[in-house]
Structures are given as C-alpha cells and as structure tokens.
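Note that subunit A is present in both complexes that follow, paired respectively with subunit B and with subunit C.
So, the complex of A and B:
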C-alpha cells in the first residue's frame, strides 16, 4: 500500500464521525521505483491531506518532507521529487491502519490492507 | 451450470482454483481486457496525458487494473476474494489493492477520485449471502460512498451482467438515489453473445460531461455473432433521466372490443370451426346483468 492510498482511506466503522486519517503502523516496507510525472503530482496535490502524508512518511522513516506545504512549492523540482518519492515509491508491506476514534485495527498483509468490517461494525 | 452469483458468495466462489482458472484462461483475459478498454473510454477522461487516480471496483486478479496502468493511471482496487487478490499480487500489478466488501461502503475521503470502473462485479451486491445482508442497504452504502468520493465531473462506469430486469432496475434506482445522473450504454445489443451493458454514472451538474456516447454495433450490418469489430457504426442510445417519466404501454383494461371479437371469429373460421355469422349484433354491448 502506497502513501497515496493511505491518504485517501478513512475508517468506515459504524458511528465514527471522523475516521481520517487512519494512523499508520508499518513494520515492513519497501521502495519501488515509479515513473516521475510532474503533471500528476501537480494535479493530485490539492487533494492530498498534507499533515496525514507528512505523518505517514515519518512513520516509514522518510524525513525529507517539509512539515507543511503549499502550491507554490510545486515549482521546485526538488520538492516534487520528494513528494513523488513519499507518495508513490514507498510501499508498506506489513503493518496496520488504526481508526483514530475507535482504535480498531485494519491489518496490512503483503501490502494489502484488510478493510473488511465485522457484522456489528457496519 | 448456474451463474456464479447463485452458487456462492464471491469470497467463496473465487477460491484459489477458480481464481487461477479465471486468470489463465486466455479467452477470459482477452474479453476482460476489451471490456476494460471500453469502460476506460466511457470514463471520458480528459485527453491531456495527465495520469489520474482511479478506482477498480471488484478488481479481482488485476486484469482490468492492468489496462488502467497501461494508460498511465494510478488506481486503487477493491476486492472481497483473497484468492483473486493473491493472483493480482503474483502478477505484480501497479495499483494498490484493498481486501474489502464494497457493500460496506468504500471508506474514501470526499472528492478525491477522478473516475471509477467496475467489470462484472456490482451485480454480486444484489444477492443476500448472510442474514444481515440486505441487498438494498448494501447497494445504498456502495453508491452513496462512491458518489461522495468522486470529484465533480468524474464518472463511474460499471459493466455488469444483471440476472434480470428487476436486478438492473434495483441497481439503477440505487445509483440515482445516491445522486448520480447518467444512463446505460449497450454495445452489440442484437448479439446475445457479444452484448455488453455499461452503466455510466455522472456526478455533478449536467454539462458537456454528461453526454453519453452511442452504443456499438446497433446497425443491422453487424448482426453476425462474431465477436467485436471496432469498425462498427454507432447508434444513439438515449439518456436515462430520473425526472423524465417512463413511457408505459397503455394496457386497455376495458375488456375486448368488437374488433377483437371479429378477428377471433375469423381466426376460428380459418381453423375450420363452425362460427355463427357476423351481424350487427356481434359484440354489441350487453346490459351488465347479462
């Protein structure tokens, strides 16, 4: 699971008011090279929740991202490269996503988060 | 052999054996690839070469996801079958996979997705596998969450094999209730083998975005049952609009008139039955207490 996906996912458990962001726990992750595309980065930037991305990148040990970001930084090639790396090239293999309100854990195995809810959580 | 949906829930039907069969059959792979291409086409994404963030609902072993990757897009795939997802992992697909039940809602932030496709998956929602599953609730959760996560102007294209008209109606109604506009595009409607229905759903106000393309192969020249030929002539398919009243066939409940009676008598005569001659009294209105 890449940090791009983590940035979009929210807890679906019944009764949760704000299930975003899910806290990321990562025990294993890998880095895979992905084609760099500045256009995509610029178009996806407004949709990204930066604090969540920043927090997640810290969890996987990638500390190059600035704590806050705004659209003007998209001009900088250097920033784009870091953004690209954090968003698309880090794959969490084993770990969990944790609901911020209920603490419910969604385990991640082989890079696939298990988001299946139990009967009583729907 | 009954349809898969009638045999078992998807997470059980698509076990390791079935998943392997599905993905190694070259015929299935080819068909799914073509359906995925068409679904992507119907998404009507801007032709500017910018990769988009898409959803593959019921991504299975990643066949349709690969089509999206080939076009340069990033995607998140949802599937309920661990076996199918394992095959996707083996094939090293580029998209992110989620083990999830779409009938529980997609669990995505509002307005973040640029488009969604689904190949042969949504009909599974219509079958109640567990006592707590109410198909309508599941469809509602699915379409509601889909509508919310799509960006303004984004589309969702769902290709599916509904078991019957009631099922199609249930799915379409649920989509409309969630706020979607759009319609159905049917390719090759005259060929029972090649016929494919795509539900194209649009978000946001009607505009040039909500124009639907024509279904393929409605011209009689392509009536052969041979599989798709991309040189087909297209024909118009109407827009399905929730506010436009459906044309219903007028059923005449006032009984059968004189014309009908005369016609019937004539038929009987032709058959060789003995029928009284037609006079001015034939099918005359009688007093109710006749």
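So, the complex of A and C:
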C-alpha cells in the first residue's frame, strides 16, 4: 500500500464524522522505484492532504518532506522528487490503519489494507 | 503492435476466486478496442471494482503500457482471497495496482469522489435468490440477487460518486438484461453511453457498455460510429 492510498482512504465505521486521516502503523515497508512523472505530481497535488502525507511519511522514517507545502513548490524539481518518493515509492507491507475517532484498526497484510466492516459497524 | 493484455498462464488462481471467463475476456477486448481513446484520455486514476483474479486490471495496465506512466491503478474486491490473488497476478506481470479489500457499500470512497478517470466493472449479474447476495468467497463474484440487479443497483450510486466530469465507465452486462434499459437508468443520471462490444458465447450474450457524463466527452470519443463493433472471435 502506497502512501497515496493512505491519503485516499478514510474510516467508514458507523457514526464516524470525518474518519480522516487514518493513523498509519507500519511494521514493514519497502521502497520500489516508480517512473517519475512531474505532470502527474502537479495534477494530483491539489487532491493530496499534505498533513496526512507528511505524517505518514514520518511514520515510515522518511523525513525529507517539508511540514507544509503549497502549489508554488511544484516548480522545484527537488520538491517534486521528494513528493514522488513519499507518495508512490514507499509501500507499507504490514501494519494497520487506525480510525482517528473510534480507534478501530484496519489491518494491512501483504500490502493490502482490509477495510471490510463487521455487520454491526455499517 | 502493443500488448493485448495479461498472459492467461500468469494469472493466479484460488478455489475461492473467479477465474477469467468469457465476460472478463469481453471486457478486456472492449478496453483494447477503445485503447486509442483511453491513451488520449490522459487518465490519472483507473479503478476496477471487483477485481477477482486481477486479470482485467493487469490487462488494462499492460494495454496502456509504460508510456502512460502517469496512470495509477486502484482495484478492490470484497473477497480477501481475490485481493491476494490479484496482487500475485499483477506481480507476475511486473505491473502495479493498489489493491484494497473492501465492500462496495462502504463509504470508503469519500476522498476518491470525482478522482477516478476510468472505472471498469464486471459486476455479478446472475439472477439468484435475494438472500444469497451477501455470500462470501467466490459466490460474491456472480450472485446478482433478484433479476440479477441487486448488486448492480448498489454499484451505481457508488460509481456515480466516483465519476469525475471526465470519467469513463466500462461495464459488462448480459444482453438479456436489456442494455438499453440500463442505459436509460443511467441516462436519468445524465450519462451518455455506447456499446463498445457485443459478444455471444455458448452460454450467454454479453455487452460491454461505456458510459460518460453527457456533453463532456462526446467529442473526445472518436469511435461513436463503431458502436455496434463486434470483435467476437
């Protein structure tokens, strides 16, 4: 599971108001090289919740991202490279996503987050 | 010549996972037939709902190829076995998609709203008793409930939310389900549609229908005239 996906998922347990961002717990993660595409990064940037990406990248030990970011930084190749790495190249293999409101844990096994709810949670 | 999809010998399997079948092949052939449009579509995100063995998403990633490196794939299934098999199928082909184990009814897509540029669905459409709808494992890949519509009816509102103004949806339906009727239902939601592919097999007659928001992409879809194209082989 890439940090991109972490940025897109939210908790949908019954009664939860916002459910985002999910707290990331990661016990294993790997880095995989992905083709760099500046156009993609620029177009996806407005959709990314930066604090969530920043927090998740800290969790997996990647500390190169600035704590805040704005669109003017997309001119910088150096910034784009870091953004690219954090968003696409770090894959969480084992861990969990934790609902910020209920504490419900959604396990991540073999890189696949399990977001299935029990009947009483829907 | 571009690649024609996943290598069936590399598609992984499991007792509880739907194997690629005529409907899967029809969907991939429809995507192939529409490849030119897809390449020009400048998609960022593609999602398959109900990925089964991973055959369709893997094929889509291969068809669109390396030169479209700005496209990222998401795929989801309610069946945990299917998500793991999909992961292995993707890996065997050297392509990547983000795999999520989730239920169509969940509101997981809140932040994905309007994000998807291409959605592909081969929904469970076999008419069955209603109580079978919430079955687990492989059964979930074909149980369609009353009239074969229960699960499809659940999928539409979700897809409707996920579709951006430029999203294309490709969906497999049974011809006996009267695609024009399905199109009418969707039309009420202001979608345009065309049949990309029709195919008759020994067991069933299938359509793959493409939907898009009316007035937005009509011009970009260059193949309107080929709407009755039959690639049946």
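In the analysis below, the second predicted complex is superposed on the first by the 122 of 122 C-alpha atoms of A that agree within 3 Å, B and C clash if a C-alpha of one lies under 4 Å from a C-alpha of the other, contacts with A are read in each partner's own complex, and residues count from 1 in each chain.
Following the convention adopted for this analysis, a residue touches a chain if its C-beta (ideal position, glycine included) is under 8 Å from a C-beta of that chain, and two chains touch if they have at least 3 such contacts.
Bear in mind that the values here come from a model prediction, so they are computed numbers and not experimental data.
Novice: Putting subunit B and subunit C on the same copy of subunit A, do they fit or clash?
Specialist: Partners clash after overlay.
Novice: Just checking: does A:122 make contact with subunit B only, subunit C only, both, or neither of them? Give me first, second, both or neither.
Specialist: both
Novice: First (subunit B), second (subunit C), both or neither: which does A:1 touch?
Specialist: Both partners.
Novice: Looking at the overlay, what does A:20 touch: subunit B (first), subunit C (second), both, or neither?
Specialist: both
Novice: Of the two partner chains, subunit B (first) and subunit C (second), which one does A:10 touch, if any: first, second, both, or neither?
Specialist: The answer is both, since A:10 touches subunit B and subunit C.
Novice: Touch test for A:37: subunit B only (first), subunit C only (second), both, or neither?
Specialist: After superposing on A, A:37 lies in contact with both subunit B and subunit C.
Novice: Touch test for A:110: subunit B only (first), subunit C only (second), both, or neither?
Specialist: both
Novice: Is A:47 touching the first partner subunit B, the second partner subunit C, both, or neither of them?
Specialist: After superposing on A, A:47 lies in contact with both subunit B and subunit C.
Novice: Where on subunit A do the contacts with subunit B and the contacts with subunit C coincide?
Specialist: Correct list for subunit A: 1-2, 4-5, 7-10, 12, 19-20, 37, 39-40, 43-44, 47, 49, 88, 110-117, 122.
Novice: Contact residues on subunit A for subunit B in the complex?
Specialist: Against subunit B, subunit A makes touches at 1-2, 4-5, 7-12, 19-20, 37, 39-40, 43-44, 47, 49, 88, 110-117, 119, 122.
Novice: Where on subunit A does subunit C make contact in their complex?
Specialist: 1-2, 4-5, 7-10, 12, 19-20, 32, 34-35, 37, 39-40, 43-44, 47, 49, 88, 110-117, 122
Novice: In their complex, what parts of subunit B are in touch with subunit A?
Specialist: Residues 48-53, 72, 74, 76, 80, 85, 89, 96-101, 104-109, 111-113, 130, 132, 141, 145, 149, 151 of subunit B touch subunit A in their complex.
Novice: Which residues of subunit C touch subunit A in their complex?
Specialist: So the residues of subunit C touching subunit A come out as 44, 66, 69-70, 72, 74, 78, 80, 83-84, 87, 96, 98-103, 105-108, 110-112, 115.
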